[in-house]
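Chain nomenclature is as follows: A, B and C, assigned in order of appearance, with residue numbering initiated at 1 for each chain independently.
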Amino acid sequence: MRMDWSAVTNNVDTLVQGLLTTLALSSISIVLSIIFGTLLALVRLSNVTFVEAAISAYVELLRNTPLLITLYLIYFGLPLVGIAIPPFTSAVLALVMQHTAFISEIIRGGILSVPRAQVEAGRAMGMTPLKTFGIVILPQAFSAALPSLVGAIVILLQDTSLGAAIAEVDLTMAAKVISQRTATSFEPFIAIAALYFALAWLISQAGRMVEARYKIAR
Amino acid sequence: MEQDPIISVRGLRKSYADTTVLKDLSLEIRRGETAALLGRSGSGKSTLLRCLNLLEDWEQGEILLDGRPLGFHRGKDGQLARWSARQQAELRTRIGMVFQQFNLFPHMTAIENVMVGPRQIRYLSEAESRVIATRLLTQVGLLEKSDQYPAHLSGGQQQRIAIARALAMEPTILLLDEITSALDPELVGEVLDVVADLKERGLTMVFVTHEIQFAHDVADRVFFLDEGRVLESGPPAEVLDNPRSEQLQRFLARFAAHRGHRPRHEPAASR
Amino acid sequence: MDQIIRSLPVLLEALQQTLVLSGLAVVFSALLGFAIGEVSTLAGPVAGWFVRRYIELVRGIPLLVFIFLSYYLLPAVGVQTEPFSTAVMSLVLYFSAFVAEIVRGAVQSIPQNQINSGLALGMRRLKVERIVVLPQALRIAVPALLNLCSIVVKSTSLVSIIGVWELTYATREIVMRTVLPFEFFIFAMIIYFVVCYTIVRASKMLERKMALAHR
């Protein structure tokens, strides 16, 4: 089997474009998912039954359906109701919808893992419920949720590859474009596989460092 | 020590599900006094303590702090309404509590734990909070542990820091809920020393304890609770040395038998 | 709405394809993953190291890239297949790493003491594995494996991108034809949801039953 890497080396600019798009997609989606996921987790914990049921339903729906369908729904559906958005935005919307659900579960788990006794200690000092949440619960919740959050970020990074399904030139699409342009087959894909792996590894390492730094010993 | 009561509990009644824990409980704590609550488990002593700082509510009766009712106010329609979360929080800045399980915040160092009250609730500056925390950590003998995290400290040390944390709010009254029950025996002494010192300083304290000897030595008055009521009360010399009720006699006998493996026939050695 | 009813036979057949794909992927990745997991725990530290790197590698690459890679790589090495087989192969290779991880975790949770007891009775190591470790480990692993099944079903949607006909492909075809994206994609979502949610609930029920049985 002959491997011809010239396809890759001659098209580095396309790869770089794809990489940048993937990074942009990932970072924007991660930040939004964490923000909305946290909000959703908080709302869910507020014990208003109707709201809790609605959010529960949303989370369960998105956890049990393929991201690709959500993506197609947004990409093909929105133009029909007059909202014309570029593929990049469709991808961000789909990714955020999906991962907000996951992340809200992770953060909710983190919050619930803080022992009730901690809340009492805060209240007994005279902290209002809001202060108790910000000072006592939230730091401990995030520390507990950190490993799962890092995992969720890696998964989100990999899910950005679905942009290729709607012709968004992310890293995966870049490989497809290069392979079509140069009539080579798998070399570009090995290249991007390596890049994805490197990114995932970097994120895990960074995650491990952050975990070690902020680990709360009990 | 003045004779006027700072806390008056009148006819308190509280139930959980189908058990009535407090049945018509009345007592008074005087300003500057150190009061011990004793009783078997289930007698309601911890519940009473938690009612005093509104961590629990009650169905009937009232609690007065400095003559003013706690926990409920009369609404415009004359109905009794529970205090808001904000009002409850405000009360707890004046009545401090130390728990059996210490409950230090694990994500903060010792000094940060003590500083959190002044800083985040009383809104003092970082510098002022640090001064207060340093003074209190010195008072409980743990200044050199300021930058340690709770996970690296012994139970006795954690509990002393918990006391310092409660004191940082400068409470009028300090509630202590079985603060030595979760400690290894050899660590109990250092915590009780801190409490004895607080008594010297004149702080009003109410503590629930199983350390009968300590209650005997340190408390100004002892209250023996049984079945949700105060059965006997008075200075320890009266109540503990000359128990009148059968329940208290049985309660004390059990403790005398278990303490230090002394045989039952020997008179209890005094400290 | 009646568009949906008219397309129902097609969609149901597409669902069948999805289930066939999922079933094949599950069965073969279970077998392969089990083998890999066992090798990693039994065959000594070197083999274990390699297996763990393999698992890390697979989990660091998106499934879609895996699928494309297989799609382009196999013909290049002279293996002529059609998209369906390529799809199954990539799913199997990908998910076997997850199965291996689950099996490893379950096997390693069995205390060494039990293995020692088996050896002390005179059993050879492999027999101990078969009689003592695996019955317990597999019961522990079942909920996680069922959960993985649900993930496999969702992942089959990706093979539509290399032209394999299944539920997502069929739905997209119909949408192109009828221009009713909301109706049909939402309907597809519901179908996927029913399948996956059922699997997840079954897994949770099993987990609960096992927890109770182990008092």
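The working rule: a contact is a pair of C-beta atoms (placed from the backbone, for glycine too) under 8 Å apart; a residue touches a chain by one contact, two chains touch by 3 or more.
This structure is a prediction, so every number in the text was calculated from the model and none was measured.
Think of each touching pair as a link: the shortest run of links from chain B to chain C has 2 of them. Comparing each chain's Cα centroid with the centroid of every protein Cα atom identifies chain A as the most central.
Summed over C-beta pairs in contact, the chain pair with the top total is A-C. Taking the mean of C-alpha positions as each chain's centre, the chain lying farthest from the centre of chain A is B. For this pair, chain B with chain C, the centres built from the Cα atoms lie 57 Å apart.
Computed centre separation for the pair chain A/chain B is 48 angstrom, with centres defined by C-alpha atoms. For the pair chain A and chain C, the distance between C-alpha centroids works out to 22 Å.
The set of chain C residues touching two or more other chains is empty. Within the complex formed with chain C, the residues of chain A that make contact are 1, 60-61, 63-70, 72-73, 76-77, 80, 154, 157-162, 164-165, 172, 175-176, 179, 185-186, 189-190, 192-193, 196-197, 200-201. Residues 117-118, 120-129, 131, 135-136, 139-140, 143, 216-218 of chain A are the ones touching chain B in the complex.
Across the complex, chain C meets chain A through its residues 57, 59-66, 68-69, 72-73, 75-77, 150, 154-155, 157-158, 160-161, 168, 171-172, 175, 179, 181-182, 185-186, 188-189, 192-193, 196-197, 200. Per the touch definition, chain B reaches chain A in the complex via residues 53, 55, 85-86, 88-94, 96-97, 99, 101, 103-107, 116-117, 120-121, 149, 151-152, 165-166, 169.
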